[in-house]
Amino acid sequence: MLKALFHVDEVNKWRLALTNIRNLLADTEVRGVEVELVANGPAVVSYVRDAALGNELRALANEGVRFVACRNALRGNHIAEETLPDFVQVVPAGVSELIRRQSEGFAYVKP
Amino acid sequence: MLKALFHVDEVNKWRLALTNIRNLLADTEVRGVEVELVANGPAVVSYVRDAALGNELRALANEGVRFVACRNALRGNHIAEETLPDFVQVVPAGVSELIRRQSEGFAYVKP
Amino acid sequence: MLKALFHVDEVNKWRLALTNIRNLLADTEVRGVEVELVANGPAVVSYVRDAALGNELRALANEGVRFVACRNALRGNHIAEETLPDFVQVVPAGVSELIRRQSEGFAYVKP
């Protein structure tokens, strides 16, 4: 079972990140992969302000992709946690999540 | 033996990536290193449209650097595989290659 | 003990990198973390030309964060090593440091 960790911290990198995740899930040579995406920095605003993206994220969440938001970044961008889509998990610090997951064997990809 | 995996997904990052690889190969404190570069996203166009870069890539390929292109990205950018330089290997999905190689012990570097 | 390796190669990514490091050090759920930041490419100029940043780096260095500069990048940017702040360590090639540290269990983060 492969484990993939995507890091998005710029608004304009979401598109490339989602293409990466879709290609990964569609790759018939990959048998079983656990996927998590951690958004921190300015990128977290897209969770609440980009409805089209939100629909795509929900579809991927329904396929098992975990979407994570950094609490520090939410606060810094004045986003109330209760306004996030229900499939987004909040962690105290996105950067800690990125490091912890790698220590658990996740491979890091920064689109 | 160190293992290094470079990820390039933007056209304007090739220069920095090649400088990194050259510095790595020239580092006399490094005794033996396996080097692979995976290009996906818009960066794959440089494999066919930048002749000067192509010459530099070929020189590095001759030194043992593996250059990989993502098939999804080639299709998305309307690049026929047979127009790629002969030293470029095509994989079904660049993102899967990035994850698989890390699970094999390659260290990831995103210039 | 977690180990975190930050990579900065663009001048305009320092801000995000320092926010990441501060959030990591402030995360009360993280018990013990070793932090190193490797600057290569154009980013090394900030070590000598951005006094405000320098003060922030020194404060973090006093908290145990290791700051590293790539000798190739220093030469490429005409920066004499003796003009660096005393808390900055110089390595022959930043890219080799990034790879070696990952082989030692450091998790890579590219802000």
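Assorted remarks:
A, B and C are the chain letters, set down in written order, and residue numbers restart from 1 in every chain.
As a convention for this text, a residue touches a chain if its C-beta (ideal position, glycine included) is under 8 Å from a C-beta of that chain, and two chains touch if they have at least 3 such contacts.
For clarity, every value in this text was computed on a predicted model and none was experimentally measured.
For the self-contact between subunit A and subunit C, the two sides draw on mostly distinct residue numbers; the shared fraction is below half.
When subunit A is fitted to subunit B on its Cα atoms, the angle of the rotation, on a 0 to 180 scale and to the nearest 5, is 120 degrees. Averaging Cα coordinates per chain places subunit A and subunit C 25 Å apart. Residue positions of subunit C touching 2 or more other chains, listed in rising order: 108, 110. Residues of subunit C touching subunit A in their complex: 2-4, 16, 19-21, 23-24, 26-30, 33, 105, 107-111.
Touching subunit B in their complex are the following residues of subunit C: 7, 9, 40-41, 70, 72, 92-96, 98-100, 102-103, 108, 110.
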